[in-house]
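What follows is a group of structures, each given as structure tokens.
Okay, so chain A shows up in both of these, paired with chain B first and chain C after.
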Partner chain A sequence: MTVDSTSTVADPPPPPGPPAAPPRAAPSHAARWSAIAVGVVLVGLMAVFVAGLGGDSDGPITASPLDGRAAPELAGTGLDGGTVDLTHYRGSWVVVNFFATWCPPCVQEHPELISFSSRHQAAGDAVLLSVVFNDETANVASFFAAQGGTWPVLVDDDGSAAVGWAVTGVPESVLVAPNGIVVGKIKGGVTADALDGIINDLERQADGG
Partner chain B sequence: MSPSTTASTVPAAPVWRGRKARAVSWALVAVVVVSVLAFGTFAGRGAQSAGERAHALAEEIACPQCAGESVAQSQAPAAVNIYGEIVRQVDAGRTDDEIRSYLANQFGEDILLRPSATGPSALIWVIPVVAAVIAAAALGATFRRWNRTAEVTATDEDKVLVESYLATRHGEGDGR
Partner chain C sequence: MNRVLGNAGVALGLAASVLGFVTVVVALVQRRHDRIRIARSYAALVLGGAVLAVVAMQRALITRDFTLAYVADNGSSLTPPLFNVATMWAALEGSILLWVLVLAGYLAITVVKFRHRLDDRLLGVAVAVQLAVCIFFFGLLLGPANPFRSFSPPIGYDGPGPNPLLQNHPLMAFHPPMLYLGYVGFTVPFSFAIGALVTGRVGEGWLVATRRWTLIAWGFLTVGVIAGAWWSYEVLCWAGYWAWDPVENASFLPWLTGTAYLHSVMVQERRGMLRVWNLSLLCATFSLTILGTFLTRSGVIESVHAFSSGSVGPLLLGFFALVVVVTVGLIGWRGDLLRSPGRIDSPLSREGAFMVNNLAFAAFAFVVLLGTVFPLVLEALSDRRVSVGGQYFDRMTLPIAVLLLFLMAVAPVLPWRKASAETLRTRLLVPAWVGAGALVVAVAIGARGFAPLVCFTLAGFAGGSALRQLVLAGRRQGWRGLVGRTNGGMVVHLGVVLLAVAYAASASYSHDAEFTLAPGESASLGGHTVTFLGTTTEERPEKQAIVASIQIDGGDVYRPSLNRFRQAGQLIGEPSVRPSVIDDVYLTLLDPPDETGAATIRVVIEPLVSWLWVGGAVMAFGTLLALFPGQRRRRPTDAVSAPVPRPVLAEPDVSPARPEPVEVS
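Showing the complex of A and B:
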């Protein structure tokens, strides 16, 4: 069995001894600063991400890029062959309702729209304006004849109105204030009471209440 | 043939020759990489028909009604409408950028599958480039440090120290 020579080096001979290990360079702070920089960047990115998640909706109203902007142009031929033009309704709240007869929620909300239209018909403070979304004009005409509804209906044969109003599905209702500014979008079916509630809230906010 | 024979019969290439060959290799690699990137970027961007242009644009626009599909792929009504709008705007002579910015303006930036290079979306393009530059710089710094370490040479004083230490060790071994 061999004995490790290092175990015998206890006696003094060593004058020269092994060369001392070179002193380690003073620890650089680069690594620490890099870690801090990476941490700051990550926290910043997370903050941006979290900020992007929040504040997307307020009740039934959905945030839309159109909010706060002048309502996109909306004019063309109506279901009855006449002209429909959104600008004719300046001074009233306008509910621009995109719908199709092949869409069950659209059919389901129709009585509510009739109710909303009737409530405001006399005062004229709020009007409905429907836009046909990817549907045959004949189908829509039959639908209105059978279900009722006397508000203007715009035929959007080429879908340009739907794109201009950023419609992603039906039913969708965009609320336009009396000054012609878009104030919100409601995805899915609406009720007359919900529409009135939203309009009342917005009027109260405008009055500073 | 043994390695020693080879070493003795083949004259060592001059250092500059090796460096030149290495530089040429790197230059060739750079040319190939740039060519491939350029080809990938610009291929198919030649003269396109209006329909091809519209389709290419539709591939860059997300279907707002469905997940993970472009307007070109989807048959959802909203996607069909957007495709039609792209075709109309191409026919009307609008540029690709004008059409993209119109759709982003109406639907929001999220509709662009290829984020724009301006505003906050530009981070998506900038961050990888910055990361690549930092990584390359760090790599370069590391290589330089390694090279510096390799260049350390023993001084005469070092040699004397080593020899005396070894002599001591040998002495201990003999005395055991």
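Showing the complex of A and C:
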């Protein structure tokens, strides 16, 4: 049983508010100053965002669970029937590109891969290694015949390479440094310029530090 | 065909938004307010354009029209029907399309609801603001986020389908639309806030209208956020529901400021105070929805479920900057003129409690925002990449959450203006006993630890306070006592109490273990026995599933699985949960069986998690109750001596028969 003592005490109307003080004795600028303060903070925040957007423009490289570790084993039969082995390319940057012919962004990035490959073919400082992801070997062979591209292509029949390399979807390109350490990956399609930019940045960092 | 229809719809929507905006602004500038009425036709055209675009997209998805790049990238002939519909919001472009549909819908409802007052200047500004927002989002659809780009598919082409995680659970069809109804819904109160700032009219009936729109948006957002947590619990194998991920924070931030507004607006209604603060909260809420969209769609922050597409980022940031410049500028320019002269008589009063509530919600929002953007700030300043872990958020928000629970117990019994110790003592007696009872029960069933026990006690205290209010209202008015803002709000409080208890219990007392079991073997954890019966492999059109059969406590069999989706090729686990009131048993299959048939499973015992979903439903129900008009509060001029049948039970703070003097400003 709840009895509110106030219900009887407060029966007469409550006393009026504070005695008639002049409501706006001194003009206050609280709202203005608050707005200015908030505005300044937000301008700073937006500068940070702009920096964040700019920083990402030279390549959408993201962290990979393999970062900093030795590249997992990657060897097997190539598209041409020969052997493909990642360890043969120690000393060069390797872009391990997981792709499939049924994936539109993979088809779209292919010309970029061709130009990246041809840029570095002479110097040999960077190579491409494509891994077929969940696709028929015949489809891939006819795709390369039609579109071009002469770099090694590994057939990954059981998907073990994709699992070992923590691939979450195609296309995905994992970047392996000349010392055989994974340094990051790019989800989605790449461009030749973006790949070069990332590699140059990483080389500069390695030189500087 | 679909491409043409879709592009036509987007173009129609954009043209109607631009023309409508220009018409309304010209009418406002020339003070020809009768012309604002034309906005109705433009709103209809905007809605028509949005509907046309959505119909075209759905048609393309259903017919698997791979000549649309969006369908080619995200659709698949193997996707089941429900998820095929939901594919529209499975990627960036389609999600903006859903946004536009909801936005156009809210615009149409606004002009229909206020059709008799469309020549009002304040409403004109509001409609112009909504049309401006429409222009921006239709512009996104026509530019960088165009879902109707063309693709020429090779013969026999089939798409990869949406991300496999998005086609595991029916909640995926439900959670994003709810979230968007909430997110986008805040555009309406924001537009009215801008209208009030521009016209300088902060009182009148607009307040009530705005409050109800905010409540609708808030209710949808609540359901959307909790449905998202539920989805994450049922689909991702980590046995959790909230990880302070940037995307989660992006949906939580406007919820916090919106909640603050829903409380402080009552101070304005009753006492005429906090006008500019309330307008600022509405502006902040809307700005945070845009900021959240920017953070999650631009790729500046890494998150488990951010869409990756850089091209809309700069535009969203520009729009956010525009919103900030307009709102901060307006508040700085007009704010001091609109502020009310009143002040709070005593901190120990309902309005005093609402003030503390608002400070707590603002602090909460600040802590979450800081944690979300801190990695960006640090990276900009020092080029270091960090991520802010859940620990920061848990530690920082715990004291605020405890304060809010305490306020939830005390504030509803506080009278306006000033409370006496005697009032508090009598009114808090029952809630305090409930709180003490909750503590005793919790300790008796084995709960330990300072933070969770404080939480259970305060939750009992707050729950008791809300129940007391509902019982009193029910005795006085019967079932009608549940309807209306105050008591609907108390039902929402009960839902929050359930959430708080569930969060504290599941965060403090869950335990897990991994077992490698041969078929027929059993293992025990936390008083439950799981028996591994074996695995089977199921072939379905879109995936191959390795399904483990696990019997829990000798009863029903549950089937966690590992799914390999054909198109994407990913191996994705799907947990199986045995829910119960006391604890959930959460099973995941970690590895496929080896040659002997033994498989590794993870078992998590999660106490009280199902209370979260019940709490969410209670909050949604309470929001519905609060939307219905309660018994009208009498006008100050009405006779005070209305018959009060049982004065013993009448309570000054809620009784409809007891008018408060309303400050007329």
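Definition applied: the second predicted complex is superposed on the first by the 149 of 209 C-alpha atoms of A that agree within 3 Å, B and C clash if a C-alpha of one lies under 4 Å from a C-alpha of the other, contacts with A are read in each partner's own complex, and residues count from 1 in each chain.
Note that in this section contacts are C-beta pairs under 8 Å (C-beta built on N, C-alpha and C of every residue); 3 or more make two chains touch, one makes a residue touch a chain.
Please read all numbers here as calculations on a predicted model, not as lab measurements.
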Practice prompt. Mind working out whether A:M46 is in touch with chain B, chain C, both or neither, as first, second, both or neither?
Written response: second
Discussion item. Residues of chain A touched by chain B versus by chain C: which partner has the larger set?
Written reply: C
Discussion item. In the overlaid three-chain picture, which partner chain does A:L66 touch, first (chain B) or second (chain C), both, or neither?
Written reply: first
Discussion item. Output check: A:A75 vs chain B and chain C. Expected answer is one of first, second, both, neither. What do you get?
Written reply: neither
Worksheet item: Is A:D158 in contact with chain B, with chain C, with both, or with neither (first, second, both, neither)?
Response: first
Item to complete: Based on the superposed arrangement, let me know which partner A:A206 touches: chain B (first), chain C (second), both, or neither?
Response: neither
Worksheet item: What is the contact status of A:N134 with respect to chain B (first) and chain C (second): first, second, both, or neither?
Response: both
Discussion item. I'd like to know which partner A:A166 touches here: chain B for first, chain C for second, both or neither.
Written reply: first
Worksheet item: What is the shared patch of chain A, the residues that chain B and chain C both contact?
Response: 5, 8, 13-14, 16-18, 48, 100, 133-134, 159, 162-163, 168-170
Discussion item. Which stretch or stretches of chain C touch chain A in the complex?
Written reply: 69, 72-73, 151, 157-160, 163, 276, 294, 298-302, 308, 310, 313-314, 317, 320-321, 324, 328-329, 331-333, 335-336, 338-339, 341-343, 345, 373, 376-377, 379-380, 415, 417, 420, 422-423, 426-427, 429-430, 468, 472, 566-571, 640, 647-652, 660-661, 663
Item to complete: Going by the contact rule at the top, pick out the chain B residues touching chain A in the complex.
Response: 64-65, 76-78, 80-82, 84-85, 88, 103, 105-108, 120, 158, 161-162, 164-165, 168-169, 171-173, 176
Worksheet item: Which part of chain A faces chain C closely enough to touch in the complex?
Response: 2-8, 10, 13-14, 16-18, 23-24, 27-32, 34-36, 38-39, 42, 45-53, 55-57, 60, 62-63, 100, 102-105, 133-134, 159, 162-163, 168-170, 187-188
Worksheet, complete the sentence: Seen from chain A, its contact residues with chain B in the complex are 5, 8-9, 13-19, 48, 65-66, 72, 100, 133-134, 158-160, 162-170
